[in-house]
Amino acid sequence: MGVNNMTYIPTIGIEVHVELNTQNKAFSPTINKYGDAANTLVNEIDLGLPGTLPTLNKEMIDFGIKAAMALNCKINQKMYFERKNYFYPDNSKNFQITQGKTPIGYDGYITVEVDNQLVKVEIERIHLEEDTAKSIHEQDKTYLDFNRAGVPLIEIVTKPMITNSEIAIKYLEKLKEILLYLGVSDVKMEEGSMRCDANISVSKNDKLGIKTEVKNIGSIKNVGLAIDYEIERQINLLNNNEVLVEETRRFNDSNNQTIRMRIKETGNDYRYFPEPDIPYVNISDEWLSEIKATLPMLPDDIRLELANKQVNNNNIEALIGDIDALYFYLAIKNRIINPVSAINLIITDLKAYSNNLNKKIINLLQLEDFIEIANDLANKVYSKQMVKRLLEEIIINKLDITDAKAMVNQKESFNIEEIVVNILNNNFEAINDYKAGKDRALKYLMGQVMKETKGVADAVEVQKVMLDKLSKL
Amino acid sequence: MKLSEEQVKHIAKLAKIKLKDNEITMYQVTLGKLMAEIDQVEDIVGEGDILISPTNNDNQWFTEANFQPNEALLENAPHTKGNYIEVERVLND
Amino acid sequence: MTNYLTLSIEEINKLLINQKIKPIDLVNEAFEKIEKSDLNAFITLNKEEAVKLAKELENQPVDNLFFGIPIAIKDNIVTKGLLTTAASKMLADFNPPYDATVIKKIKEAKMIIIGKTNMDEFAMGSTGETSYYGPTLNPYNKSKIPGGSSSGSAVAVSANLVPLAIGSDTGGSVRQPSALTGIVGMKPTYGRVSRYGLIAFASSLDQIGPMTKTVTENAQLLNLISGKDTKDLNSINTNDDFTKKIGCDIKGMKIAIPDFYMGDVTAPVIKEKILEIIEFLKNNGVVVESVKIPFIEHSIHLYQVIALGEASSNLARFDGIRYGYLSDNYNDLNGLYENTRSEGFGDEVKRRIMIGSYILSSENADKYYYRALKIRNLIKKSFENIFNNYDLIIGPTTTDVAYDLGLFQNDTIKGFYDDIFVTPVNLAGLPALSLPVGKSLDNLPIGLQIISKAMDEVTIYQLASYIEQNFNGGK
């Protein structure tokens, strides 16, 4: 097994279809929504009625440009659409409007990290096209729902240069993250707004082997499993001197194997030609600049920036993994003195409130107020515990910040020095223990001060004063 | 120049048209003749952009999306079940 | 029987305004004539709705020129609630749930749709003989073809069954039957009239056009139906009043006649008439010169490649699943597709789909289709160069007068040669009109084709009107 496996090099290409969450469909003004009753989100264009013509959704093009830019692609600034002709019940015109010779983006890449090494996954093309109707199969009939027909898709195709399942998985995770952050799709594989197909072949030399297409894989994890299974299956067959045929297979998630669906027909003749009903789209440099200005910061750039600001890894990932928290941070980041403590507040305190009250973080309190509080914390105007109290007054009791501060300050109008002296005067035994070298005594004394101030005093400040007084005794 | 039977049958399959035997022969000749004529045009070198349609329009798209649900849309479908359009199942999916 | 429908629409309009007649009078006359006619110009009559609308209009003010005027619509233009068949078994029961944009405009002007006219099936043909509903007959001689594919619309106007009609023109289908039945037919600049609701044959060639008895009415109808439509991305903005230069003098115009139009393929009777017209124009201060148009001789082949390629794709949607004819003779999905399409489509349509599919298949698309698109650009430029030096191009619309029914059936490619003078215009997207200018000795009409540069229909109407009013060559 081992020696032969070593000589086979796998080649993997990944194709991803992503549904764009534009307001309307790609080539008709029908509302683009998921989940309505069958065949209610359709008009005569979606059903391919005689005499109908496609229109064009500019928002789809904007989203396409965004995605192409975020994936480091070159943009085809003079593009047109094409017809892909084939008969199928979910295809209401028996042709699909797509792009062939002029994909909106091409020659792009995503960088992923595998085993502490950076790997550049090359993207051959990304193009715009329309989705088909949904089919439900029951016995010998198929039931068609055209709500999905005409929904805009981008198809993202890598070059066939991925060499193992781990890279494939990292690629898909990163792709999903980027598209989610761009706001162009909700990329949910469970709902079908992100679909992956993998093309896998193995070869002992430079020439590409016979490839298998694996479709309908329900999760990113399963893509990895499907790839691993396929590589092994193909190698076994080749080692037994069997001839591979180009075929389409599907992934069976009950045993993690792939099963043949059909052999690829030669001459899948789609007769592509330019769509005569949709004029050229000329994407000017101005248009590109407009879109570029709307690009949000992408996750990897955020990671770098936060690492440079000394935010620890766990917190970075926690922030990035939560869009709600991240968008909140991005909205305030330029006015925060200390990102470390601010982020801490966001992912612990604010997140907790968000979960308990079932509200988005942005709706918990004003940005201005949070900025003020976070900076107060950074400047030590308030202690951490006081900040927690402030947040409670503002978020739960809905006080405005001035009133909240007044409320909290009231409880803070004590003199640390006074209290420390008081405690010391009542705890001679502890003082002696401390002088005898028992650290526990200090802790005890600290505890007494904190108790007295109901836990609100700044522990660091208290300790400073305490040690100072003790040293003079 | 004549097309082969396989070539004609392949086209018929693409177009989803059933051909009778004499029609196959007819197409072998007709298509062959047509291509021979069109081949004469091949020597012209076409320069520049392809003309997708003879207008100078570009960047055309809808600015207001007017969508009205229309119950009459499914009325012409011969077979329906509930809200769905019913059709024979595809064999190998 | 009354004869109001032989009057011009301006005259009818006056009668309506002065309440000398009511819309129902026009409607009744139309249906009476149609019922008496054996020309088979109509597929579906809109009797109930037309009568109902006419009665409703009685109580409304005559607010525009077209108020209450009956009109016939070619049956490949979708009319809500009124069967639209494209003269095919495939759509014999198709009741559209929406109106074409031109129909909306026609209804807004309160015109009365009399019915849907007969045509070649899916607009594929130039004799009217490929209709599922039988051929339309030429009112000048019922043993001759009326031309096609807008046969019914041409005949309905020519035989005075209705005063106006609209047809569609992909490779001459408005102009050629207009020439053979002696009426005025215009194919506007590509994009002038919205194609939304026109059952597509060849998307980059199709245009809807007005068909009338006189030039002025033609321009007036074009005013009504043209206009940019966001539902047709290829439609263009238009603020023209096409009647603007009607009645203006033509002295000083420079007109070109392509050699291509006066060669051996043109019948002597047609050539003679054209030469008479050239003489007339010269006598009226017009410069007329011969020109060569590079690449125009390749139009026929290009037309086949582009039109049939596009058509094979446009007609793929007809599979009986969402609408239209469905075979009852199948065991599986593939059988459903094949039997439905083989039974639902006529022979000419199937032939064209096969040819178009072949042209787009495998390497052929790059070899033929893309190349054709490039050469098409060259033809467009050739015409543009001519118009740098000339105001208009004229020539015959057809190579001969109407020939016998039954003559050229089943020979698709030969059929295209009938359209050799009209198809280059569609390839270049230019406007062109056919004007009746006389008859042959057998009393068969002859049409003059007038072509202008893009968007210049106004000049076409100017010349056409002048000839119509002043040329007396045996009309």
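For reference, chains read A, B and C in written order, and residue numbers begin at 1 within each chain.
Quick note on the criterion: a contact is a pair of C-beta atoms (placed from the backbone, for glycine too) under 8 Å apart; a residue touches a chain by one contact, two chains touch by 3 or more.
In this text, all values refer to a predicted model and were calculated from it rather than measured experimentally.
Undergrad: Skim through the chains and flag the pair connected by the most C-beta pairs in contact.
TA: Among the chain pairs, B-C has the highest number of C-beta contacts.
Undergrad: So which chain is the furthest away from subunit B, centre to centre on CA atoms?
TA: Most remote chain from subunit B, centroid-wise, comes out as A.
Undergrad: Which chain's mean C-alpha position is nearest the mean C-alpha position of the whole protein set?
TA: B
Undergrad: Averaging over Cα atoms per chain, report the distance between subunit B and subunit C in Å.
TA: 23
Undergrad: Counting in whole Å, what is the centre-to-centre distance of subunit A and subunit B, each centre being its mean C-alpha position?
TA: Chain centres of subunit A and subunit B, defined by C-alpha means, are spaced 40 Å apart.
Undergrad: At what distance in angstrom does the C-alpha mean of subunit C lie from that of subunit A?
TA: Taking the average C-alpha coordinate of subunit A and of subunit C, the gap between them is 56 Å.
Undergrad: Quick check on subunit A: which residues sit in contact with 2+ other chains?
TA: Answer for subunit A, listing residues that touch two or more other chains: 44, 47, 49, 55-56, 85, 87, 89, 144, 267, 269, 271, 274, 276-279.
Undergrad: Hunt down the residues of subunit B that sit against at least two other chains at once, touch-wise.
TA: 10, 14, 16, 50, 52-53, 55, 57, 60-64, 70, 73, 85, 87-90
Undergrad: Pull out every residue in subunit C that's touching 2 or more other chains.
TA: 94, 97-98, 203-204, 230, 233-234, 312, 316, 319, 321-324, 333, 337, 357, 361, 370, 373
Undergrad: Which residues of subunit B touch subunit A once you look at their complex with the stated criterion?
TA: Going by the criterion above, the answer is residues 10, 14, 16, 50, 52-53, 55, 57-70, 73-74, 81-90, 92-93.
Undergrad: For a test of understanding, state which residues of subunit A touch subunit C in their complex under the given definition.
TA: Listed in rising order, the residues of subunit A that touch subunit C are 44, 47-56, 83, 85, 87, 89, 92-95, 144, 267, 269, 271-274, 276-279.
Undergrad: Which part of subunit B faces subunit C closely enough to touch in the complex?
TA: 10-12, 14-18, 27, 30-31, 33-35, 37-38, 40-42, 44, 46-55, 57, 60-64, 70, 72-73, 75-79, 85, 87-91
Undergrad: Give the list of subunit C residues in touch with subunit B in this complex.
TA: 93-95, 97-98, 190-191, 203-204, 230, 233-234, 236, 295, 298, 301-302, 304-305, 312, 316, 319-324, 326, 330, 332-334, 336-339, 341-342, 345, 350-351, 353-355, 357-358, 361, 367-368, 370-378, 380, 412-413, 427-429, 454
Undergrad: Residue numbers of subunit C touching subunit A in their complex, please.
TA: Per the touch definition, subunit C meets subunit A at residues 76-78, 84, 86, 91, 94, 96-98, 100, 195-200, 203-204, 230-234, 309-310, 312-313, 316-319, 321-324, 333, 337, 357, 360-362, 365, 369-370, 373.
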